[in-house]
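Next, two complexes with subunit A in common: one pairs it with subunit B, the other with subunit C.
Our next item is the complex of A and B:
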């Protein structure tokens, strides 16, 4: 596999070339609003201003595949006619960090495996090309991707991998899949790629400072501790605010609800959170997880044990977002560490 | 999932169906007979499987399928919330959405050759009725059949035509109500204690238990005391559900999704799951 060079000065042209026949999502905004948004052609050509490739986005890119709210179908209240939304076309996500790219494999497990295939998801997923960006520096002290099977330069799941050169003026570009090669052609045609010379090298990737000791048998250890009083302590400060799952790239639970507008009932799918108090309460009032202790335990066991049993992967890629943003200091790294000591 | 039926090949979009029959079972339970708008059968469920039933503009929820015919399926539904309230005020001919079937099923084949004891409480007779009807249709394959069922009062007993007319001709019925009332000369008492009183032999007998959580709990304990092996005790679990297709994450107990891997479990399988039911 040969590497090409994409000069940062050629980024506007590269993004504009993609926009010809793709919707292009890239990180924009800053701080709390740092998130992936769909670029307009004006934003693409003014990349220097609009696209913000510095740091991990506050909001993960999962909403490109799994929107926070979407219409599954509409049904006419008078005529009972069913209408389904238009499928989305070819889409590129540009500048996704390795942890977030790995999180897509987790979403794939849930939406595509074990019997049913989710129609809306598979349609978007097949149309998606992932352009990943290796981390040149550590994004935050809460990053622990290299304890979770990934790493700041991991290309797992990427169609194209970008690695910033030591001088910071360009990206080394590897085209890793057929989808990636299709974009290579597009970029060749648009003359945005050049040949790297010997000076264009990438510095060694950073190493996460947060080290989490995750033993092989963590699922079994945590399951054996199902009745441990530690869950009660861990959940004491939790507010049930849902921030952790909202910003988590791998959390995929959803609610389905109905909304009426213009003579039509829209069946909507929205993000949900297992930490909300009414999450598993049934119509008759019975709730198998009545307090935050059971809810927090379910959240962490889902991430660290149940998902592994079902799909053979941990439902956490170590992006550190929940650690950085939980208002109460609930910390998944502590839970993993504690599990390891059991 | 070739047997699953939905609209536009999208497992979350319901088939457009209509109500072709409504039976009032008790003051708060009605049985709804459902057919596709074009007169065909929505799908052919196995005993114990579930259907996602919806009313446009109101919502959808999962219910067990109680019975089926050549061109219909039936569900007995208790009035407990918004959707079921609206269903209870629906009329014959009204549009209704259905997708399914969902979940595993009662192990009808593995039960062949055994005596069967069905234990039900309240609306809990609904999920097992599909198996009772299946067994009665294939009676030569099974041994002796007993149905022990109870409710709060006579009025709350579901499927009265089966309990008092059809079934007594084909199987042994044992009916109880929680408290004595005028005109009732049958057994009075709770299901679990009636069960122990009857002292059914566990020899070559499997037991299928469905009902409110508290009834299930005490009945399972009673059955174990009576010597039933955990493998021969079967029950169904109820969890809140949204998608029915193992995606929304709502219905998990441990790593199992009740909408896919349940609702039917043997007691030995339940023991493997975390205690969160």
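Our next item is the complex of A and C:
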């Protein structure tokens, strides 16, 4: 594997080269507006200015693969004609943090594994190239990726890995997969890469300040504690909102609904959240998870036990978003620590 | 009195109430992992009382948590600042909780490190069984004393030209993620079943887009508008930082323009402005 150098001054040219035949998503905006947006090719050099690579986006990039709302198919009410959405073309996500990159492997488990391949997802996934960006500094005091099997410099799942140099003027670039090498060719042609010299080194990656002691047998421990009264305490401040699920890079629950408008019936799939009161309600009105205690327990058991049992991965990458943003102080790291004491 | 002394009083009082068996639990605040962020906490036995906190960050409203237990076996103990007490008054007049089920420990508030406290009109509790310390400021904060206009958020939008106002709200609805945190935290948003959760009625579409977000945003604002106690919790919890307090402020401001001084939650007996109905109403529309 060769390492190249991408000067920050060459970033506009690098993005322009990608935009020629890819849809390119990169973080733009600040504070709550900090999100992955689709850059438009018309204003490539200005777009490079709009890109904001500082910090973790408010909402994770999962919606690029798993949109908040998507039409699966439509049926014309008059003619019965079936329409399917346009397939997406080659797509690049630029500047994804290591935790968010690792979360894509979780989405893959849900949408591609166990004998079921989701048509809409696989089409987007195969067309996706991931350009990751190592964390030079911690993004927030809630980051705990290195307790969850990843780390601020983890390249797991990335096609290309960018690491900022010590002087902050450039990125060291590693092309890790065939998809990554295709971009390398593109960038070579556009002459945006240079050879690093010995002074172009990356400082050692940061270490998360939030350390969570996650025992090997956490799934078994938590499942054995299904009836533990502590769940009441853990959930008492919870509001039952959708914040934690919607900002989480790994949450993948959806609902399917039909909408009729404009002479067309559309079958749509949209994000759903296990903390909502209508999520587990059944025909006839029975709800096996009637209060926030059962809902919150399910959320954490799914993340920390059930998913692990089924796919061999924890459904949390330690990005810390839910801890930082929960309006009620609910804290997944706290649940993991408590599980460890059981 | 310092915050620390006040905190000690709260811990002692909660422990004593639990020891006497006077209440089933006491709703207050605890620390979180992060300095500057507290969370709601239920004191369930004497020992828990030592986890209570009182500092400039004890911001979340306690009152909404009363609606989780509408028929308690024993009284519920609750710490209440001015804003919490307005919320409790509304919960009582909306028939959501019964006064005799509550044991209210009033906490005159010095104002917290939160934007909305700059335009708080009521720092001292209005309804309580006991006051834990003496108010330092006169009850209520007169309009002229406010550090910021009472309807500051609504006025931000009013100051924009019409087109920009439209663009402002379209931007809000485009960015809303419909997590419903604003609905869930609001002390006057108390329907047992929200229209949003009524499965397959079609009232609220499931699509995550600006059009469906607008349906929710406008419905929420109008449903709580005349009962809004101006606590600002809806803005505090919004993960997208949307300035939605402006919606209900605008409704209250409009009510004031039509009917004179109006503030919800000042009196447990008071009807809500839009909830009043008079059989002798001259208006034939009804």
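In the analysis below, the second predicted complex is superposed on the first by the 337 of 342 C-alpha atoms of A that agree within 3 Å, B and C clash if a C-alpha of one lies under 4 Å from a C-alpha of the other, contacts with A are read in each partner's own complex, and residues count from 1 in each chain.
Simple rule for what comes next: contacts are C-beta pairs under 8 Å (C-beta built on N, C-alpha and C of every residue); 3 or more make two chains touch, one makes a residue touch a chain.
Since we're looking at a predicted model, the values are computed, not measured.
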Side-by-side fit of subunit B and subunit C on subunit A, or clash: fit
Touched partner set for A:281, first subunit B, second subunit C, both or neither: both
Which of subunit B and subunit C A:68 touches, first, second, both or neither: second
Subunit B versus subunit C as contact partner of A:169, first or second or both or neither: neither
Inter-chain angle, subunit B to subunit C through the CA centre of subunit A, in degrees rounded to a multiple of 10: 80
Contacts of A:252 with subunit B and subunit C, given as first, second, both or neither: first
Contacts of A:185 with subunit B and subunit C, given as first, second, both or neither: neither
Partner chain(s) touched by A:211 [first = subunit B, second = subunit C, both, neither]: neither
Minimum distance between Cα atoms of subunit B and subunit C in the superposition (Å): 6
Shared subunit A surface residues [contacts with subunit B and with subunit C]: 255, 257, 272, 281
List of subunit A residues in touch with subunit C within their complex: 31-33, 58-59, 68-69, 141-142, 210, 233, 236-237, 239-243, 246-247, 255, 257, 259, 268, 270-273, 276-278, 281, 291, 323-325, 327-331, 333-334
Residues on subunit B engaged by subunit A in the complex (per definition of touch): 1, 4, 7-13, 16, 37, 56-61, 80-81, 83-84, 95, 97, 213, 238-240, 242-243, 245-250, 252-255, 260, 274-277
Residues of subunit A that touch subunit B when the two form their complex: 72-73, 75, 77, 80, 82, 84, 110-111, 114-120, 223, 226, 252-258, 260, 265, 267, 269, 272, 274, 279-284, 286, 288-289, 294, 298, 301-302, 305-307, 309-310
Residue ranges of subunit C in contact with subunit A within the complex: 30, 32-34, 37-42, 44, 60, 68, 175, 177-181, 184-185, 193-194, 197-199, 205-209, 236-237, 239-242
